[in-house]
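In the two assemblies presented below, chain A is common to both, partnered first by chain B and then by chain C.
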Partner chain A sequence: MLGKNRCIYPGEKVLLAFSGGPTSSSMLRQVQEGLNREAAKKLRFKPGIIYIDEGAVCGRTLDEREKTCRQVEAILQASGFPYHLVFLEEVFDLPASVLNSLSHRPADQAHSYKEAVADFTRWRQQCEKKEGAATSLEDRLAECSLQGCAWKERLAVLDTSSFPASHTELSRLFGAVKSLTAKEELLQTLRTHLILHVARRNGYSKVMVGDSCTRVSVKLLTNLCLGRGAFLAMDTGFSDSRHGDILILRPMREYPAKEIIFYNYLFGVPTIFTPGLGTKASDRASIHLLIESFLCKLQSEFPSTVSTVYRTGEKLSAAPREVDSGVPTAPAQCLLCLCPLDTNVEDGSSLQSMLLSEQLCPRPPAENCCETGRTQAGCCGRPPVVGDSSQLLPLLCYGCRLTVKELVSVQGKVCATRRAPASADAKVCSCSQDWAQGKVARSLSHHTFTRRLSASDAGLR
Partner chain B sequence: MENATGKRAAPLSVQLEFGGGAELLFDGVRKHQVNLPNQPEPWNVRHLLVWIKENLLKERPELFVQGDSVRPGILVLINDADWELMGNLDYELQDQDHVVFISTLHGG
Partner chain C sequence: MNAIMGTIKEKGQDSTVLAHVLRLLNERHGYGLRLLLLSVDEGIAGYRDDSLAAVRRSRGRLGLPLHVVSYQELYGWSMDRIVRHTGSRNNCTFCGVFRRQALDRGAVLLGADKIATGHNADDVAETILMNFLRGDVGRLQRCAEILTGGEGALPRCKPLKHAYEKEIVLYAYFQGLDYFSTECVYAPNAYRGHVRALLKDLEAIRPSSVADLVHSGERLAVRKDVRLPVQGTCRRCGYFSSQPLCKACVLLEGLNRGLPKLAIGKTNRLQKALLEGEKPRADLETEENSRVGRTIDF
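Showing the complex of A and B:
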């Protein structure tokens, strides 16, 4: 898959996002094997691994988290690659700059792979020179603090009463989010921000995430339900360039979960199971779980369900950015997910109707922010001073607004950490439940599936 | 159904293994060596699931069995082969069989 797409340059630093789950574990194994292959097929990049401990929001005790971290560390050490163990609490220490999407390097527009490689080599040499000359102490410190080595101390610090800030703030943040759907979205965003930060700090230019074909399909339908239809291509595609300087790759997205699990089982690939937000929850607890069980059920009766959804998603492509003229202004991006804002749309969209219904039935003051919404929708390049969500909302895409609405009562210090879908959750949840269950599920043929997908996509764009 | 070998008279001992989060429903224990009692019919996977539900599952049975089969999204391997190649629910268990259940579902 990687060889086919030719998107990683020799010697490039690539960060593997490792969760302990089957797909990322399998991805790690395949990278290891790829680096050991004979010259012709050998992978030639320099991998590093990041593991994010999310125990704090999943209600795990410090002991449990430490145990998991030790297991993870054993696997990561065995891989021989440099690794970074990060705690979700550390998201509060991120600089606001993580929210800026840096401009593309010219190399990204290169015409052929060869030229791109040449460009990349030149760029790297420049960087190396810069690094040698002036690496500020601050940078070094930051690097150290995010390294894997000192994780035990950092975990202890998170627990001590002298530094309760980030821990309690994180629990407060997630406590304020009512629905599991919003929590999962929030977690996803925070995770991405941490990964981006670590990647930038340590000079990784690509990040590989372990999304299997099954997961991509679930994500595709989930995101449709969450009002993120405009970003399907970015959220589920092979490569995701929304962050500019860091490219996110999904090299595992051709393999269904079943194949991956059989591979792991037969080849003894170690995996670590860590309970997550949705563990032991019923399959209707969140849109994510609902869609997943819907797809699994359908798959058990129509074995090509997942691949059909996957291939339908494959046909979506990211809309080309309209900035083609000389003006180098970056297109307005959502503050949280960094997708181009989709809130500047014509009548009849669900955003419009949402705004209208909010105007008609005003809720507590913090909520009625929408009149200013459209006029300010362009200014998210600079990190805004966030007081309450009314200032934040205009900077967000439709999907993220839904998430953040659930968070209105929280006052976080970092704007990066506020996000959650709620009101629409209720709406969408009820219809997606109808949709997912009962008569529809049984009679839904792949044909309708496809039509529905493309129809909704067109509608959302 | 007649069982020519008459094996059904002997109790079966099979090894069960749970992974991918499914073990959480079994007190976090991954491997179980179990003895299946005598019964008039030969043991197949369908019976095994009922037995597991009644004897081994600690909580939330709906997260493991649905209808008379496993919850969609849970993979089954019998002696290291996909159970779909072995006849699914109708596979007739033999003594010392190794049955593995792995959840592919997010969060177990």
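Showing the complex of A and C:
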């Protein structure tokens, strides 16, 4: 797969996203093999590994998480590559710049692979000259693995209350999302942001993700059901260039899950099982789980199902369908998933009719609140939260809007059920609002800034 | 301008509501449409005869002319007879292909300009999922559009595309519309059944997912370099088709030869065989049969 799509340059730093699951473990092993072997098709890039601990989201205790981290560390150390252990809590410390898609090399459109490689090496030499001889590559590598090793202290920091905000904030944020579907989407978004950040900070320009053929098919159908039809090719294709400077690659997407399991079994590749959001949930708990079980059932009856879905996905393009009206709008990007927005309202489209019916029968949030909590005073003291979401929604694509809508609409319901004391409710609301608003505020400025920048760029040319 | 509505759904409420709404709007806003009802009789005992009775009753209420075309008179085969030949699988392939053509033929017969069908949002979402699972990229691109067809065929529109099935049933219920609703007796074995069950589950998890699917279908972009089938016309009957022979003709040929499974699955070789067989009919008969025998084994 890597040989077919030649997009990794020799000596480039590539980040492997490792989750402990079968596919990413086997990806790690195959990269190791490719680097060690004296074969003709030797891989020539410099890998690093990232592991993201999401225990906080699934409600695991710190002890359990530490145990998992230790297991992961053992495997990663055995691989001999520099590695980064990151906690999902750190997503709150991300700078807003993660939300921008940068392209630091305008001359990326090289025609042949050779030219591209030459370009790349020239560019790297320039960079190294700039940085000076002081920070040699070895130094930086040492720094990387040092960072990886320091995870225990950081976990301890999470444990001791000097850094309590982000831990509780994260579990609150996910607590505020009602449905498992939206939770999984949110987790995926945050995870991507974190990976991107780590990759940028450590100078990786490619990220490899272990999505198997089965996973890709499930993702295709799931995203279709989540209203992300416009981005199917981007979300599941071999290379995903939406982030500009960092390319996300899916080198495992041709192998079905079964083959990978066999590979792991035959070559003794160790895997780690970590409970995720969907573990122990029923088939119908979320759209993701439902589609997965549906495809597996269908696959056992019609064995070509997964490969057909996969090949259908191959035929889709990342470029959006042309808009009929000749208005050249700026290709704005979704705030969360960084895809070009698909929310231009066309005549007779599903979105238009949806907006119309929302307009015709608006949800009465304040009324609901009063009906259930009539006896409690101060129920309607807070203004409805709709104002905040209306500020955020126009910046999102259709699929992310759905996720954020659930994040916001939950607040009314939390308020309505009033199981917890009012103060806690308010905190949950304000927490997720803060998060959203802060992100909007931060990214808004960045967005307008970058947009202006690119506009002036275009003007110059 | 003429418009024709077909009661093409096996569940009658969609087309009943469509006829009602179109007539109402036509009168209220003076669209100047001449509405005609067209119904297809597949010849399924215990299913279509009851629903046709309902259609006749609603014709009386709506005061619109009704025409019925039957598979028996168009093709010489009723669905019941087909099922007796094919067994319990793949019936819906026959029924669907024949119905599509029967509607077009009926509409041409009546001199209509447009066909309005009672497809609702659930149907469209289901079709999108079906086409994705089958890998039919050409249809995948088209199926979410509100107005399809164009040159060659009569344009079809789906006025109820954004209405959920539930809304339509509720509308019919509260308007006191007389409709007929049962599952087709042959439907439970169809592939579509799986997809329909999935869609119901999806809707239970997140009610907006039907509309989300339709949105996805509208925004899907197929790569430029993918070879899409070119639309031509059938050499035998003149109906539009992406192959030299249209699907209905191929299916019919299979039925008439007593080999109904012939046209299900890969049909390239059969197409060729049939086209060659067009002119020197008698000579190739034996050879064709042997060829056909091999495809069936597979």
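Here, the second predicted complex is superposed on the first by the 354 of 461 C-alpha atoms of A that agree within 3 Å, B and C clash if a C-alpha of one lies under 4 Å from a C-alpha of the other, contacts with A are read in each partner's own complex, and residues count from 1 in each chain.
Quick note on the criterion: contacts are C-beta pairs under 8 Å (C-beta built on N, C-alpha and C of every residue); 3 or more make two chains touch, one makes a residue touch a chain.
Since the model is a prediction, treat every value here as computed from it, not as a measurement.
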Partner chain in contact with A:Pro22 - chain B first, chain C second, else both or neither: first
Broader residue contact with chain A after superposition on the shared chain, chain B or chain C: C
First (chain B), second (chain C), both or neither touched by A:Ala230: second
Touching partner for A:Phe267 - first (chain B), second (chain C), both, neither: neither
First (chain B), second (chain C), both or neither touched by A:Tyr398: second
Shared chain A contacts, counted only where both chain B and chain C touch the same residue: none
Interfacial residue positions of chain A with respect to chain C in the complex: 179, 181, 220-221, 223-230, 232-233, 284-287, 290-291, 294, 298, 305, 308-309, 311-312, 315-321, 342, 346, 348-351, 353-354, 398-399, 402
Touch list for chain A against partner chain B, complex: 22, 214-215, 218, 257-258, 261-262, 265-266, 271, 273, 275-282, 288-289, 292-293, 296-297, 299-300
Contacting residues of chain C [partner chain A, same complex]: 121, 128-129, 132-135, 137, 140, 146, 162, 194, 198, 201-202, 204-206, 208-209, 211-224, 226
Sites on chain B touched by chain A in the complex: 19-21, 23-25, 59-60, 62-63, 71-73, 75, 77, 80, 82, 100, 102, 104-108
